[in-house]
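Both of the next two complexes hold subunit A, though its partner changes from subunit B to subunit C.
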Partner chain A sequence: MIAYILKRLSLSIPLLLGITFITFALIKSLPGDPVLSLVGERASPQAMEQIRKEIGTNRPFIAQYIGYLRLLMKGQMGRSYFTNRPVMSDLIEKFPNTLKLALGAMIFAIPIGFLLGLTAALNQGRWADRAASLISIGGISLPVFWIGLILMSVFAMKFRWLPPSGTGDIRYLILPAITLGLPSSASIARVARTTVFDILGQPFIKAVRAKGIRESGIIFRHVLRNVMIPLVTIIGLDFGSYLNGAVLTETIFGYNGIGRFTMEGIIKRDYPVVMGMLLFGAVVFIVINMIMDIIYHYIDPRLRIYGHNK
Partner chain B sequence: MGIINKLSIGILTIVILSSVFAPLISPYDPLKIDLDSIKQPPSFKHPFGTDNKGRDILSRVIYGGRVSLCVAAVAGILSLAIGLFVGLLAGYYGGRLDMGIMAIVDLILAFPSLLLAIGISVIFPPGIYTVMIAIASVGWASFARVIRGYVLTIREMSFIEAAISIGCSDIRIILKHLLPQCVSLCLVFLGLRLGGYILTESALSFLGLGAQPPEPTWGSMISHNRVYISSASWMVFFPGLAIAITTVSLNIIGDLLRDKFDVRLKA
Partner chain C sequence: MYLRLSANPTTLDPALIVDVTGGSIGAKIFNGLVRFDENLNVIPDIAERWNASKDGRSYTFHLKRGVRFSNGREVRASDFKYSFERVLNTKTKSPNTWVFERISGAKAYMEGRATDVKGIKVVGDYILKIHIDKPFAPFIELLAMISAYVVPREVVERLGPDFAAHPIGTGPFSLKQWHQNQSLVLLARQDYFGGHPKIKGIVYRIIPEDLTAVAEFENGNLDLLSIPSSEFKRYTGDRKWKGLITSYVAPNTYYLGLNCERPPFNKLPLRRAMNYAIDVDRILNTIYEGRGIRALGPVPPQLRKWTLSKRYNYNPEKARELIKEAGYSNGLSIKIYLTSDQEVLDILEVIQAYLKDVGIKAELIQLEWSAYKEAINRGEADAFYLSWWADYPDAEDFLYPLFHSSNIGPAGNRARFSDPEVDRLIESGQAAMIPKDRWYYYQKAEQRIVDMSPWVFFWHRRDYVIRQPWVKGYRIHPIYSMDKGMEVSF
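Up next is the complex of A and B:
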């Protein structure tokens, strides 16, 4: 298992290099001279040349890129232009909050999506199915930021049950987690519906039925087990979409996580922050994909990951 | 699902027509500031109410639809064109070209799409063209993937073999034999994607990266009006409702098209 993880990690190095190169090239191609913004308009050309030499922007592109990689290897991502705090320390401070939010969203999305999909599949073609698929289309189609604002105005401002915004104990987590989890509960419902329906049509279910097993036994012992794999896939993919959603959700609810951090970086054109967050997003994605492969290994013995390739 | 399908087709038609004929049907000038009638709740005079500068929200929603639909359509066609070109090449030639292209496609698909679009829209000055480019530069990848997969299956069919054996050139095979086979797949997939593009457009506008004020867009209206949500909730509710009914109808119609043409979409 450890050998497998190491192999996967080494395979992701070219991917990460590619992403660092793209983000670096993007930032370098932006208009504007950082030296000019550091010293101001009235500095003498000699002074500007001096500073260029000191911070190294007079070096060739590749040399600057290698310098950036060196910095990353040391576990640093540069400093924010505005707060002058290292991007890394902001990341370490804010990422646990986003992780909490994502977990909260999953706790909301998985049971609801799964029950919705299961109900739809067991009542194929009947009104319950239609209602469930309409709800799931709605969940995919509705804008996250709008739903968030409506939830906030109803539950926080009208009824005053929950705090409207901020970061803190679990009460601050409920509304953002529901907002973030809603689209993914819809996609889980869709996948659950089609897979449950496919499995119910397979011969082994007929065999189990012929043996006289109760319907609930069929669902719990045979169907649910087989639904796990596509469900894990979709949940893993959704975890990535939480990073999308977190940008919007955290902005609306004033939640102190990396989504809002990224967003503020973009609005202020704080490039070290934007670069660091894009790179961090890629790292999170690679790690999630790897965790998913490891989970597959445990829930489906047919998919042995070590021993042979795929 | 008959009624729901008809309803979504009807809603989408209304949204498209009202965007096309916006100058004719909108009751007020969407940019006209009227300080005598600020933050008025919905009434006969202003069906969707007015905003903090007294502008009519219905008119702004109608004009905002122009931006959203236009951006989604252009981004969709761009994604389709690039994805079709790349997918045909990768699927037909296979080998190293295919591997290289699919590596890039997988890289793009692996990344959170909104973050990527945000990253791209930072480079260019904010505006609708930037949003189109940002959506298309992420969107082409899923088209390329679906089309490449489809081309891989039809390339093995006997009519392609026949075309090769009578000496057709590669270009002729791609344009005259493979391309026509992909048309219904492309249209269905475009239908399934458009709703998502509208959502991305409104999210980018919400974040301030889309069309700039005073031009109204659904996303930017929600973003600017959200401070008034507790005192004047209609200012946020109606633009969001416009996004919601448009994307829901588009997604329902997309599903309908998929079932009708019975294309297998394995993205």
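Up next is the complex of A and C:
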């Protein structure tokens, strides 16, 4: 197992290198110039040239790129052009918030989505199925900022149970986590419903039923295990994207996560911030993919990725 | 006291601050030699008194004794010399070098030809002399700006770039805590030389979304709130809140810049036609909900000590005639650049309709802020929607950067307007030390600018701040980035 993880990680190095190159090239090809945001409305061209020289954006593209790689090699991500703070320390400060929010969203989304999907599949065509489908369609199609504002106006302004915005203890986490988790719970519900339904129609379920095993046993021992595979996939993907920040949710609830931080970096063309965060995002996805592969290994012997399970 | 910021201040280093957010916090942590009072007069701050020489080229400042940084050290004249030179030092990467560029020897220092700025002299611990190359009437006002705040050398040198996040100054408040993108806490100082603030401290909460800020305010979690435009009608129409709203027209001007450097707007009749074609009063009173006053020229009314004889009134007939005169009898099409802001788009769509009415086909090009700025700095747009906010409250700040030919491009003159007569008038005004003379030149300059019409002049925006019933003594400082927070209480 450890050998496998090491192999995967070493393979990810050229991948990351490619990602840094592509993102660097993309960012640099965007119109706009960080110096323009730095200098405000009134600046002499000489002052702008001087700042370009100091931050190095006047050098040729390749030289800038190599300079950035050197910095990474030293284990640094550089400093933001604007706040002058090391990108790494902002990341370390904000990532725990993002992690909490992503976990909170998943703690909300997984059981709700799963239960909805299961209920729908087991009551196919009946009212419970229709209700569950309605909820999940709503969850997918309602825009996040709308849900967020509705939740805020009901729970924060009308009942005053929860604070409208901010970052802090668990009370600050509930509304954003629900807002963020809702679309995810809806997609989990839909996938769960179709998969459970498919599996129930498979010949082996008939065989199991013929053996006289109770329906609940069928669901728990045979159906659930098979549902896990597609669910792990979508949960992993959603979780990975949440760990990269949730710009809308963070903005509505004034939540201090990495999504807003990245977004502001993009708007101001704060290259060190954007590069750092994109790179971090890529690492997150690589790690999540690896974890998913390991989970597959345990839940489905057909997907064993290394050796044999002893 | 709890206040809202819509964005994280990028830096609290006075040498680097360019945004209003950073400026309003910086004003509470730092002081300069002088500052503005509520009537926009220059009054003493750390300087006890000062005098200017007759030729207007040298200033002597006598510093107050016992002014201390929040680390306990007393401020000396040498601190000002250090702070000003630091702004000019290229290593600081300050965008605000223009504030000090007029001091003798500043250019030589910036270009590395001198080890210090010759024109800044420390005469004693409490006496500072500043010498400038040419007489420049608003010079004393420049010294009230954020970049002219004093910083303690030993702390700046110890912290390096981290000073931006851990500032130490002489102001009524000191920074206690700053969670980036989340909140910022200032504590009132007990040893402030200007007295005790009436509040214990200020908590700035960073809330990007307007509606969220409104929710926080209505839950009582914010003491003051600058009213977002979407909520303007509701608050001003509500009995409960009506009496708790303060408003003020800060020195600003909103305009549509016309690129004078190339066709079609290099033709004067066409620029005049633009001013006649758009019913600005109507837009101001409908879409803009009356949140401002009509601009007759570039200079805001509180800074204009004279009257203008010419103004534009809506007259589509006249506009059509002028368009014909400019040689576009078959109509023409132009590109107007704007930012991706819904309010701006609403205004520009109406303008588009007015222009269509006189035969100008306007295409609206919405760009994200950074790309927009780059495009208009380069002169890519035929026309663009923008505003100018005073750096310091002087008419000169609405004439020189915006219309002098030496400032074409990012320095402010984005309409790329160049007129030797206007240049000359502005320069004469800058050099005139007697206010009456100065106004004479400024009046002539403004009059000529209105006549040459490099802009369509829109309005001066009025800002509204709503407070909770328990907040007392609150007034909007005319340049709110300069409010020291001394009067407000509960």
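By definition in this document, the second predicted complex is superposed on the first by the 264 of 310 C-alpha atoms of A that agree within 3 Å, B and C clash if a C-alpha of one lies under 4 Å from a C-alpha of the other, contacts with A are read in each partner's own complex, and residues count from 1 in each chain.
Criterion: a residue touches a chain if its C-beta (ideal position, glycine included) is under 8 Å from a C-beta of that chain, and two chains touch if they have at least 3 such contacts.
On a predicted model such as this, the values are computed, not experimentally measured, just so you know.
Undergrad: Counting only touches as set out at the top, which of subunit B and subunit C does A:51 meet: first, second, both, neither?
TA: The second partner, subunit C, only.
Undergrad: Using the touch definition from the top, say if A:261 reaches subunit B (first), subunit C (second), both or neither.
TA: In the superposition, A:261 touches subunit C alone.
Undergrad: Which of the two partners, first being subunit B and second being subunit C, lies in contact with A:251: first, second, both, or neither?
TA: both
Undergrad: In the superposed arrangement, does A:152 touch subunit B (first), subunit C (second), both or neither?
TA: Once the two structures are laid over each other on A, A:152 reaches both partners.
Undergrad: So in the superposed three-chain picture, is A:18 touching just subunit B, just subunit C, both, or none of them (first/second/both/neither)?
TA: first
Undergrad: With both complexes superposed on chain A, which partner does A:120 reach: first (subunit B), second (subunit C), both or neither?
TA: A:120: touches no partner chain.
Undergrad: Output check: A:188 vs subunit B and subunit C. Expected answer is one of first, second, both, neither. What do you get?
TA: It touches nothing on subunit B or subunit C.
Undergrad: Is A:29 contacted by the first partner subunit B, the second partner subunit C, both or neither?
TA: first
Undergrad: A:163 contacts which: subunit B (first), subunit C (second), both, neither?
TA: After superposition on chain A, A:163 lies in contact with subunit C alone.
Undergrad: If I apply the document's touch criterion, which positions on subunit A are contacted by subunit B in one structure and by subunit C in the other?
TA: Subunit A residues touching both partners: 30, 149, 152-153, 157, 251-252, 267, 269.
Undergrad: Mind listing the subunit C positions that touch subunit A in their complex?
TA: Contacts found on subunit C: 7-8, 10-11, 13, 16, 18-19, 90-91, 93-98, 101, 161-162, 164-165, 179-183, 205-209, 211-212, 215-216, 218-219, 221, 367-371, 373-375, 377, 388-389, 391, 401, 409-412.
Undergrad: Where on subunit B is subunit A touching in the complex?
TA: Those in contact with subunit A are residues 1, 4, 107, 110-115, 118-119, 122-123, 195, 199, 202-203, 206-209, 219, 222-223, 226, 229-230, 233, 236-237, 239-240, 243-244, 247-248, 250-252, 255.
Undergrad: Which subunit A residues qualify as touching subunit C in the complex?
TA: 30-34, 36-45, 47-48, 50-51, 53-55, 79, 82-85, 90, 93-94, 149, 152-153, 156-157, 160, 163-167, 251-254, 256, 260-261, 264, 267-269
Undergrad: Where on subunit A is subunit B touching in the complex?
TA: Against subunit B, subunit A makes touches at 15, 18-19, 23, 26, 29-30, 130, 134, 137-138, 140-146, 149-150, 152-153, 157-158, 240-241, 243-244, 247-248, 251-252, 262-263, 266-267, 269, 274, 277-278, 281-282, 285, 289.
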